[in-house]
Amino acid sequence: MILRDPIHGLIAFEDEEERVIQSLLATSEVQRLRRVRQLGLASLVFPGAEHSRFSHAIGTAWVMSRLLDRIGHVQEGVAADQRLDPASRREAIAAALLHDLGHGPFSHLYEEVLPGAPRHEQWTADLILHPDTDVHRALAQFGQDTAHNVAELVRGRHRLPYLGLSVSGTLDVDRCDYLLRDSHMTGVRYGIYDLDWLLRALTLGEVTDPEGARRTVLAIEGRKGLPPIEGFFLARNFMFQQVYHHKAVRAAEVLVRSIFARASERLRDPSDALVAPRALISAVRGEPATEAAYLDLDDASLTSCIAAWQRDSDPVLADLAKRFMRRNLPKTLPLPEGPGCEPLWAECQARASEIATAEGFRADLHVWLDAPVDIPYAEDRDVAPGVAAVDPLDGLWVSLRHRPMARLGDVSFLLRELRNKRTVRPRLVFPAELREKVLRAVEPLLA
Amino acid sequence: MILRDPIHGLIAFEDEEERVIQSLLATSEVQRLRRVRQLGLASLVFPGAEHSRFSHAIGTAWVMSRLLDRIGHVQEGVAADQRLDPASRREAIAAALLHDLGHGPFSHLYEEVLPGAPRHEQWTADLILHPDTDVHRALAQFGQDTAHNVAELVRGRHRLPYLGLSVSGTLDVDRCDYLLRDSHMTGVRYGIYDLDWLLRALTLGEVTDPEGARRTVLAIEGRKGLPPIEGFFLARNFMFQQVYHHKAVRAAEVLVRSIFARASERLRDPSDALVAPRALISAVRGEPATEAAYLDLDDASLTSCIAAWQRDSDPVLADLAKRFMRRNLPKTLPLPEGPGCEPLWAECQARASEIATAEGFRADLHVWLDAPVDIPYAEDRDVAPGVAAVDPLDGLWVSLRHRPMARLGDVSFLLRELRNKRTVRPRLVFPAELREKVLRAVEPLLA
Amino acid sequence: MILRDPIHGLIAFEDEEERVIQSLLATSEVQRLRRVRQLGLASLVFPGAEHSRFSHAIGTAWVMSRLLDRIGHVQEGVAADQRLDPASRREAIAAALLHDLGHGPFSHLYEEVLPGAPRHEQWTADLILHPDTDVHRALAQFGQDTAHNVAELVRGRHRLPYLGLSVSGTLDVDRCDYLLRDSHMTGVRYGIYDLDWLLRALTLGEVTDPEGARRTVLAIEGRKGLPPIEGFFLARNFMFQQVYHHKAVRAAEVLVRSIFARASERLRDPSDALVAPRALISAVRGEPATEAAYLDLDDASLTSCIAAWQRDSDPVLADLAKRFMRRNLPKTLPLPEGPGCEPLWAECQARASEIATAEGFRADLHVWLDAPVDIPYAEDRDVAPGVAAVDPLDGLWVSLRHRPMARLGDVSFLLRELRNKRTVRPRLVFPAELREKVLRAVEPLLA
Amino acid sequence: MILRDPIHGLIAFEDEEERVIQSLLATSEVQRLRRVRQLGLASLVFPGAEHSRFSHAIGTAWVMSRLLDRIGHVQEGVAADQRLDPASRREAIAAALLHDLGHGPFSHLYEEVLPGAPRHEQWTADLILHPDTDVHRALAQFGQDTAHNVAELVRGRHRLPYLGLSVSGTLDVDRCDYLLRDSHMTGVRYGIYDLDWLLRALTLGEVTDPEGARRTVLAIEGRKGLPPIEGFFLARNFMFQQVYHHKAVRAAEVLVRSIFARASERLRDPSDALVAPRALISAVRGEPATEAAYLDLDDASLTSCIAAWQRDSDPVLADLAKRFMRRNLPKTLPLPEGPGCEPLWAECQARASEIATAEGFRADLHVWLDAPVDIPYAEDRDVAPGVAAVDPLDGLWVSLRHRPMARLGDVSFLLRELRNKRTVRPRLVFPAELREKVLRAVEPLLA
């Protein structure tokens, strides 16, 4: 199978172990991913960012295919039981394609908002393991352990631990694809790093864990691998700052959260006939949802639901729904960051809530404190050279000629400075019509 | 307003006349375009091609903005009444944004299949002119003629005829954006031509029409403008061959056409309760549809309708719907092209239909002759230098120093060879399970 | 060895057979290519086009490396004696790197101007075969036939005929690299075609020659290979029109030709002490040049020679040299093309020459008729399907499933129209100061 | 004048004030820049990096042209005497084109090596101001102060101080072009930042200097300007690490330095007849060089000089010259960085020198300690908000709505971490044939 892709150009799955891709693409569960946008609400702000989790899934499988080629080239020096075999290759490719299978609509919002809803990782595993899904059947034809091993891999676990981390870890194929894809589709161009060179700079190496056991890890090769890996983490940082934590994207998200919060209040009452997707109702009521119900959940079904709620007799829900459908997004005010700022944030939120209440709004649904956090490069520092004080599978290692393996943050000038630094972007979020009053009340606190 | 775009990079609408963009983006009719994919079913074949008519609309407005800048630079030599004024600029920008407003789902399929459905150009005009639409209200605030002039422009008509052609003509801003965008998103990279240079090579010139009147036209400047305009038409040719007329894309389209055909048979019976969007029912029954009903039509609503039909008790409809939802597309067999081939095509179709009938299929819904036609570069040749035998507004003109204006096809080596040449790609299309039998019956005819 | 390249990105020569690259790069003959610009005088017009034949040589070797990989994938169905072996691979890589080894300065000008000078293909072969060159010694260490086979390959000959054509043929690795590189470096972006896809669309096939013998040829695979190969020939066409035959590039070339013509007149006299490179003097006098003398010839040595001639006591030579060094290029006037135009061209040249003479110029050194010709896609048409009336190694073949091999021009709509069409761009070239007089004398002929 | 460029695409100098470009391009001094490579010896390591200071000069002028457009858009709020006028625009464009006019061959090497040689900034100014140069005459025709003002601008001084800094400052048009160009041509792709967005994020603002005076400065606009400016400094950091301070590039540079050192020893003796460019001899002997002599200095003249020295009877010089011409570069050994490491470096150098001496090498010409330093982002921190403790013209300012201007390092998370951090890359450099002995002697010190 040869495909074209706006990010990777020519994508080819032609190896024997890649036949699994063709089988999986034909399943209803994978096809559903066409109807879930990768960036959720961000396309409200970045109109080009309309790509789905389906094209991301294919891109992720392609990065895995290239990573497996690379591992094949560098595994000679590694213990025989730590090398790739055909089954591992097939499992890795399948897991890369399926890693987001259970993802709900609107990115992470869906599960954050509904405490009763299973997390998307859980749904992914359930869909892979449940004997009645198309995906399970497609995997089962390749061997009886395949589905189980793929479900484990999606959670980052495998008999080859480095393979688990390449599906779900600090430097995994998911990130490798989405940074490039999201950057490209939003048009911001900040998440672009050198994937070709990064792949070529990967190698397998060994580190000693605190118990003294040797562990095979995926490592960056020598100094020539630093620029692409530094570029990778800087790309990640830029994307969080500019896209994922963009003020208008976050504003749209808190608005949707309030819509779900209000709908949940209604749906918790079994006698309330509010129209909603089956899986949403189950999640609110703490009942298990069927696979079929979950698969009917996608961006379009949720959006048409919100569209219908515009005409609901519940004025609170109808008002929130209208704001969303007309793209009347809340306004944001940046708050100061730094140690000891939390009480100030709370005071700002209190003042804004007071104003909202006085103006007839439900403050809990219309005034938010939004403080997204990111750690651009996380790594545990307390390690001796070549010996990990913690699990060596955390963080990234660099292989240097004639020297013991080193932690990336100890070798890279840039990442040493950024290591374990936290960015917080606190904002007060409130309805546009309260803008002047809120500013008047809050700005004295910020002077 | 500044936007990011995967195709154009930085997009800025900051002139006074561009304020209309912001007003129009806030309307429900424009926002609906987010839910209609630009390439209809092509994303089944090119997974990256998930972009909507919304991002294309913004890109088109941006190309118009740049074109207007260029015209502003070169209009000095032109009669005063043929120059741009602020109102024309605003109308042109608005028309560029709105040119696809009434487009139905699944690209051109919707209107092709339903003889009773208004064509999308008609819907676009109706939505712009109808006093109750958001779009109309947004335009009306800029002047009482604005909506009318924009609706005319979308049909290619304006007091500045060259402006009409730049919205809908041989070289219009719609094509300028979609060739780049579709090429990029499909990943084929064949539709890429040099927009920067093309815009800079445009100028205004005058030609004499057969009545001897002078007409102002948009023209290519001298020889340096040939490569980008040649590139433009070659790009168009490649995109038709590789994407728009791709065999699997066309196969998906004929399948959907049959689904609609069968649904129409059912819906024509007023007592049939088949669930379908309101606007679809109206179109089938020859009744007028409301704007609201039309705006509810989008890719998602039609897809979920087809999904529901999989479970319908009508075995023909259910089978067709299942084939589509499971991406079980018909197979295609290329037929010979050339003069006098039509009887052979008909014979092939007859043999395949016979087989289909014998196997229990309805041949009219399962066997198709598909022969898409394209003329990569159309131009009327019978013109004297600088004098058009036909309407000078057809085709493209080249302005050469010290010489009369010439038709593009007379100046360009490449386009002279391609001028008015037709490509046809005839194919027999039939269900995959009939492949061997059909080949056995038809191949002797093709030897 | 891993390299970075502005055109191909990451270039890696890591196979055993590619060790020859490293050896050859260390030779003085290959290093000399750093001092010869790929595009000769075109950088006077396209300032970015400063790339040398050295970087082109590396790029060409890289395309060959990728082509050999492709052939390795598709050679299974081919007779054993027609398959690649390690020696062939090494020879092909070396020949790709060395194909321009004997190239003189200023592109093709040097040898065109000096009838006595050996052609660059001859110099290339001589340098490879001469036992005292670094290059010969580097090749000899890989086997006693290596140098001989590489020299043959550079001329397009090899025991695997398709390999010869891939070094020097219609679709060879030289063109594959230079179209991309020249396009990129000039900034025109017209020579860009899809190399990835083109390589993947290549296959090996068999055709029957007129004697009935089966011949293995490199062919385009099916219909999916048409767009990249069409793109390749269109790219070639654009580059000739826009860069290689650009009016100012050609004007600079005729000026340099006159400089050499005048210098040759002088140097033919053994008593004339005009300073010039040794190899130039030998060529003028019809004496053999040594390898060492030839290798001292490069852009810089010729340019500094011309710079010195500005101060020569010979007024003709000094004047021509000054015009070149100050970039005071001749002017050009396009002449009409078409059958029967030659007498008109001659008349134009005669009138301009008369004026030049009257103004004190030597007409043979200052007035030129320049009429570069190109055939964008050449192919012999008179062939039966799958049987070549002429040598099947000419032109390109397309492999279609279930059908005999076909000539590219019979399968591609675009190339059928362009096949064997000739473009000519006649121009009258004369000193800038004669512009008005020449126009006055010549334009009546052109009206 | 419209040009093509591999970096910027279409370059157009069409404004009245840009006519100066055309005049300057026709001068011998600017044309000489075609013969000086931008990256000096780096093309030995990055074969594509063959671009000259000439194409960089054009690119720099183009960035200036775009910057001036931007300033034109944002200067309304600024005091009238701080705004651009036509003369300033012309001077800025000219200075951008000429900023490297006096640059010697081989990048900065030439002047580093010859203590008597004027620095390139001095040469640039001299060439602009000297009444007999072509460049001076070209400038003089635009006004009697033009040459003087341009010479001042090249040194960063102008009546509009922000204009001076845009020619030579932290964020100047020189860097803007060379980061993109060097990154692109080397193929490393690390120096790519978003120039479009960066230019659009620039504005004029005012800060108060320590004396309380208001100063107009070029500033980054709000938070949306952070990503491109962060990208700019990260790009700079990558280019230093990967290209400018690349170990093989530095090794080639120290080798050339030794060649010049040995040649200087010889040339200091007036009776030594060693052939060398006139300007080189003058510099060694502390005599003033003429403009003409300096202009004959270029990469080719120096290279052919070194080539000739290979055959000199001085064994030391001949050996060094041969090493360079055959690309037999010295080897490098990375040394530890950190406070207190200098004695260790000295000890390593001493041991290697001892070995070199014992093997018959002149240690001062064959063993080097190379420790290039870079500060990726330098900024003086001790400033109160909006009031500069030091000259406000140092560093960069960010303009935030409703707040005083702030230093970039106080606003950007990334640059705060990098601010004023120093990178050092110490290496021991020595002849390849001493590799084993040196490693054996030095490695115990590094364990």
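A few points about this structure:
In this document, chain identifiers A, B, C and D correspond to the written order of the chains, with residue numbering beginning at 1 in each.
Keep in mind that, in the parts below, a residue touches a chain if its C-beta (ideal position, glycine included) is under 8 Å from a C-beta of that chain, and two chains touch if they have at least 3 such contacts.
Model, not experiment: these values are computed from the prediction.
To find the repeat of B-C among A-C, B-D or A-D, check which pair has over half of the same contact pairs by residue number; it is A-D. When the C-beta pairs in contact are tallied for A-D and for C-D, the bigger tally goes to C-D. Note: centroid distance chain A to chain C, computed from Cα atoms, is 51 Å. Between chain C and chain D the centroid-to-centroid distance comes to 36 Å (mean Cα coordinates, whole Å). Averaged C-alpha coordinates give centres for chain A and chain D that are 42 Å from one another. Across the assembly, chain B contributes 9-10, 188-189 as residues in contact with two or more other chains. The touching residues of chain C, counted against chain D in their complex, run 3-10, 26, 28, 31, 34-35, 43, 46-48, 50-52, 54-55, 58, 184-189, 299-301, 303-304, 325-327. Considering their complex, residues 2, 9-10, 12, 196-197, 200 of chain C touch chain A. Against chain C, in their complex, chain B makes its touches with residues 188-190, 192, 194, 226-227, 230-231, 234, 237-238, 241-242, 334, 413-414, 417-418, 421, 423.
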